[in-house]
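Quick one: structure below, then a few questions.
For clarity, chains are labelled A, B, C, D and E in written order, and residue numbers in each chain start from 1.
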Amino acid sequence: MNLRTRDTLIAAGASVGLFVLWELSVRLFKIPPFVLPAPSQAIASLLPVWGVVLGHAWQTLWTTLAGFGIAVVAGVLLGAAVGTSKPLNLALYPILVGFNSVPKAALVPVLVLWFGIGTVPAILTAFLISFFPIVVNVATGLASVPPELREVLRVLGSSRLEAFTRVSIPFSMPYFFASLKVAITLAFVGAVISEIAASQKGIGYLMTSASSQFNVPLVFGGLLLIAIMGIALYAVFAILERRLVGWAYRGQNA
Amino acid sequence: MNLRTRDTLIAAGASVGLFVLWELSVRLFKIPPFVLPAPSQAIASLLPVWGVVLGHAWQTLWTTLAGFGIAVVAGVLLGAAVGTSKPLNLALYPILVGFNSVPKAALVPVLVLWFGIGTVPAILTAFLISFFPIVVNVATGLASVPPELREVLRVLGSSRLEAFTRVSIPFSMPYFFASLKVAITLAFVGAVISEIAASQKGIGYLMTSASSQFNVPLVFGGLLLIAIMGIALYAVFAILERRLVGWAYRGQNA
Amino acid sequence: QSRTNVRFTLDFAFQGPTAPFLLAQDKGYYSAEGLNVSIDRGFGSADAISKIAAGNYDMGFADFNSLIEFNTRNPNNQLLAVFMVYNTTPAAVFAIKGKGIARPTDLAGKTLAAPAGDAGRRLFPVFAEAVGLDASKVNFINVDVPLREPTLARGQADGITGFYFTSFLNLKNVGVKPEDLVIFKYGDYTQDLYGNAVVVRRDFAQANPQAVAAFLRALVKGFKDVIANPDEGVAAVKRRDGLINEALERERLLLALNTHVLTADSRAFGLGSVRRERVERNIRAVVKAFDLNTTLRVEQVWSERFLPPIAERRVTGPAR
Amino acid sequence: MPFIELSNVSLRYDNGYLAVEGVNLSIAKGEFVALVGPSGCGKSTLLRVISGLRPPSSGQATVHGQVVRGPIAGIGMAFQNPTLMPWRTILQNILLPLEVSAKHKQQYRQNPKPYIEAARELMASVGLAGFENAHVWELSGGMQQRASLCRALIHQPEILMLDEPFSALDAFTREELWQAMQVLYMSRKPTVILVTHDLREAVYLSDTIYTMSTRPGKIAYARRVEFPRPRALELTYEDGFTHIVKELREQIGGLRTQISGLKGVGA
Amino acid sequence: MPFIELSNVSLRYDNGYLAVEGVNLSIAKGEFVALVGPSGCGKSTLLRVISGLRPPSSGQATVHGQVVRGPIAGIGMAFQNPTLMPWRTILQNILLPLEVSAKHKQQYRQNPKPYIEAARELMASVGLAGFENAHVWELSGGMQQRASLCRALIHQPEILMLDEPFSALDAFTREELWQAMQVLYMSRKPTVILVTHDLREAVYLSDTIYTMSTRPGKIAYARRVEFPRPRALELTYEDGFTHIVKELREQIGGLRTQISGLKGVGA
């Protein structure tokens, strides 16, 4: 309990410290708010419109989660394909890399033309931007399963699927969780850029709306909200990770 | 040699197949070029302006590489910090996750207003968008080094750095290379969105210019070029990876 | 009786100048005409035109010059302008006083920043020709919309192009005093260029001519109400986007109405109408400036058969 | 008819190393066979071939009259390294075969209780009581080896392949496990192939002992052991027994090149 | 004055398990000590404490009069598992200590040739000639163990800790390595702590043998071995020798609880 309190203090302290630094820099160097507002201004700008903002945040959160959910499923499946089959690896990796080098913001208009303005393109963008890290890490994890461990299963006459679920998947879990941390942040980015480009709600909409009025503090208020939601989801994964793949990190405290 | 030819054929075949599919869909469903041009149109649009395009591509390539280079250094250092120290992990991870949940496109204006229009913000954006996957994977790799292997070094009275370079780093290499694949694609995205936001050259500039003239095929031509550059760099890493961490994938062909 | 659905997109965000469209909706003018109208914000004129052409929307509010360009490049997917809202283009060049730019010809050798698709930027050659400036002597930088005015304020460009009522207020917002500004409104140098119009996909107009006409009847009422009572218009905007600053949008609305809507032409010929020879000159100017290879006929970009009778469209100004 | 048969089996690893060459071997159903030979001669490699983990480069292995083309069901294997899964507790590791072996998985899924009970008993009987929920890295080397042995036995396989299963154990634990293994063998009569460096162990437990020569590995010698079962531990001190051990010793001694001293470290 | 001294050392692992308790031990400089005892009694744990890899929960270890507070330099350790680095070839694995040990690294970096030569010789002397550039997974279990032994010896450490270094080797290779080890010991007189389950090995090589009891591990018995060196292999068959082996056997036998049979698998 005491240790946990200490941990929370360290985590919170660092973030608070960063904000203080930011606030001080803005005041000290007299940076105009349309360049970079102080965090206090950003937060202050949220308060009067709090009810509206909350609705936007909720919209962004759930589209992000929906896109992220699809990304996890698709990422694991593609990662399994790429990580276990040489021909699929050769065939798919270049395509995936090429696709992911392209800014998704450029694809949003295409999605909008197909699926209309609103939630669907946001979910799809969140998905499209975030599945690749999962593919790469799952594939790498699966490809580095030590053959000895797989042999334990094979010699028992297990099916491929059984060996996969009992050796390859658990072994790849640390890779998978690492990729989730990256993917969730990207999913937020995806949902927001889609909202920036084409939506009537969500933090992205809030930001463009604020930005078209040069209410830059409110733009940064929106950014802060996204960051906070990202951190909250990260915390969920961190807890899951401790539970599920603690075995891989036994050396960390030594 | 024969095997290598086969591999290349598979890789090329899949990509070509995708293009054929794309081409056929566009023609079959009569999708207008301002919604989604056929790849043939995209490529055709590049040819008459090839000289100009090449200059833009070069600009994007080198800013991407510069940003990516910084990201690798910063990512490894931060990853080492986060992966080896519990307090730093607690302090930095939430900040990093929060920062990375924010669309970098929204930060580009800040960078542009500080550093001027042009190359510097593009490099910085490429860096800022791509370092996080490296941090996460390096940290995960380092945290999962088996204590037994570290003990081999510690018992020899090695310095922390020696143990780090001889055990932790090589052990984390598969994680590191996985993250490079993600990071390089993101670096391209970063450079391009910065060019979209404010620039006089680069593929992002080409794309905004083309898009403002309803020259959607040229926009997609630009996207294709980015994809091709991404794939080329991926190929470089894939070769390096085979050389340096082949040991981790010995089970792949079994 | 069955109501006709009309999906309508604005050119940009919900802001003061879009109040007539919104107020007409709030007051039930569209419904009264048997229309079921939905109005979305837009993401630039070029984007709105693409979306209408692609069938995501049926009608919209977009730059006439952009429409000319689109129709030239996509002869199979043409749109029609059916109601001219901005009788002169709101495009303008902004610079800071005392930095060597006093007259338009001083722009030679200077750097201007603007979004790639900005009307003022695309139409700059027309303006340049009108003022006797070699457009190729002016250097343009692409900046995203949110960066345009800050770029000028920070001195990273010598000037910007933008819609008069947008950039003027944005510059005020980033701390540039109006008295420090040098502004060249294109409309003051050339009468060839129109601004934003109500546009419709040709096949939609052909299938639903009554709906288009009905839409315009309702819209004219909206305009009249807003001109008579701008505050009511701003309230309609506020209902769409709770984040707007009412005083700012009121100012923007009045600037747009008094400078670009309530012009001599619209007092003479009524709201929404054009002069044919101006349209012809406009097309020629665009073809030249945008380096297009065919010159369209007026009928390929404009139709006045949906306009209400002139009596309904008569206005006096100004709004206050 | 032999139950397990290797005919002219050779195996060349991917790096070109010829590990075993021209191996012929017949094992009857229910026979207890020991495989002994110098380190690196190819004993583990042969187990791989028989179990179907690796196809031979030439020749073939048949089990139950069927040519081995891939892993065959019904094997219990204790690998030379314990290869326990770090993400499972010890008990979960030992229960693993029940989750996948065709014979048990259905029943195990429906009613795991008795199996878990059996696994606990088995753990207790090798001295691992109380470590059911321990993590792999919380066990000493010898304890891991015993856990791995339990995993090879839990599903009562027809064929047992034990690759130096007692090498990390003290003499007492080892001898007790010999006796336990003998009881198990007599009651269920599995076919057993035991790889070991302990010749007393080989002679005490087996019906036949094969010695292998090195580089590439070949079967050099076969020795039947005819002592009736149950064999008392005291038997291992009797002359007839030690005679066989000595005979095997000499056999193996002749099969290898001698090491001359730890050169290169100033000795 | 003892060179290595444990006074009242206890170690409780993070999970609460008390592995060793109240251990007192004195080892003179240049002494060859063997540590024997039932599997899981804490032998490897004690090596960890002495080498400074783990601080004791109570009590203290001193080496050379200095309290051990962290890993101490000049140790050569052969871990119970070979723990070779898969990203290095066998030769590179064996050369590893030279890259980091304070005594050698400078010279090794400047002129690695003679060291590499020495490593090759060392490899050859344990029967690994030709495997210099092999990957770890291309070696058999016993070959990996020998490579690990080479890694413990290459930097000529003052203190040698060998955790069952010969357990995966056949009797011949093993006995030859005993002799080689004896030559090495006599020529350089390192202080050696050998953990083994092979009592003949312990008696043949050591000056003193400590037996440990289990749960928690304690030193139960110490036995000096006074045979002069060099000791011939034949000595191990003489009565005086086998007497000591038997004595130790009985000692250990009394220290552990017996295993009763493989329960839970229908035996």
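The rule is short, and it goes like this: a residue touches a chain if its C-beta (ideal position, glycine included) is under 8 Å from a C-beta of that chain, and two chains touch if they have at least 3 such contacts.
Note that the structure is predicted; figures quoted are calculated from it, not measured.
Asker: Determine the set of chains touching chain A that also touch chain E.
Answerer: Intersection of chain A and chain E contact lists gives B, D.
Asker: More than half overlap in residue numbers between the two sides of the chain D-chain E interface, or less? Answer same or different.
Answerer: At the contact between chain D and chain E, which are copies of one sequence, the residues are largely the same (over half shared).
Asker: Among the chains, which one keeps its Cα centre farthest from the Cα centre of chain E?
Answerer: With centres defined by C-alpha atoms, farthest from chain E sits C.
Asker: What is the distance, in whole Å, between the centres of chain C and chain D, each centre taken as the mean of its C-alpha atoms?
Answerer: For chain C versus chain D, the centre distance works out to 85 Å.
Asker: Round to the nearest whole Å and give the separation of the Cα centres of chain C and chain E.
Answerer: Computed from C-alpha means, the inter-chain centre distance equals 86 Å.
Asker: Using CA atom averages as chain centres, what separation in Å is found between chain A and chain B?
Answerer: Roughly 16 Å separates the two chain centres.
Asker: Give, as an integer number of Å, the spacing between the C-alpha centres of chain E and chain D.
Answerer: Each chain's C-alpha centroid was found; their separation is 26 Å.
Asker: Among all residues of chain E, which ones touch two or more of the remaining chains?
Answerer: Where chain E meets two or more other chains at a single residue, that happens at 81, 135, 137.
Asker: For chain C, which residues are shared contacts with two or more other chains?
Answerer: Where chain C meets two or more other chains at a single residue, that happens at 50, 54, 146, 150, 154.
Asker: Tell me, which residues of chain B touch at least two other chains?
Answerer: In chain B, the residues touching two or more other chains are 35, 113, 147, 196, 248, 250.
Asker: Hey, which residues of chain E end up touching chain B in the complex?
Answerer: So the residues of chain E in touch with chain B come to 51-53, 71-75, 77, 79, 81, 83, 85-88, 96-97, 99-102, 135, 137, 151, 155.
Asker: Which stretch or stretches of chain D touch chain E in the complex?
Answerer: Checking each residue of chain D against chain E gives 13, 15, 17, 36-40, 42-45, 80-81, 117-127, 134-135, 138-143, 146, 153-154, 156, 163-164, 167-174, 176-177, 179-181, 183-184, 187-188, 197-199, 249, 252-253, 256-267.
Asker: Taking the complex as given, what residues does chain C use to touch chain B?
Answerer: Within the complex, chain C contacts chain B at residues 46, 49-50, 53-54, 69-70, 73-74, 76-77, 113, 115-118, 122, 141-144, 146-147, 150-151, 154, 156-157, 290.
Asker: Could you list, by residue number, the parts of chain C that touch chain A in their complex?
Answerer: 12-15, 40-41, 43, 47, 50-51, 54, 56, 145-146, 149-150, 153-154, 170, 173-175, 241-245, 248
Asker: Name, in rising order, each residue of chain B that touches chain A in their complex.
Answerer: On the chain B side, the touching residues are 7, 10-11, 13-15, 18, 35-36, 86-87, 90-95, 97-106, 110, 113-114, 132-133, 136-137, 139-140, 143-147, 150, 174-175, 177-179, 181-182, 184-186, 188-189, 192-193, 196, 204, 207, 219, 223, 226-231, 234-235, 238, 248-254.
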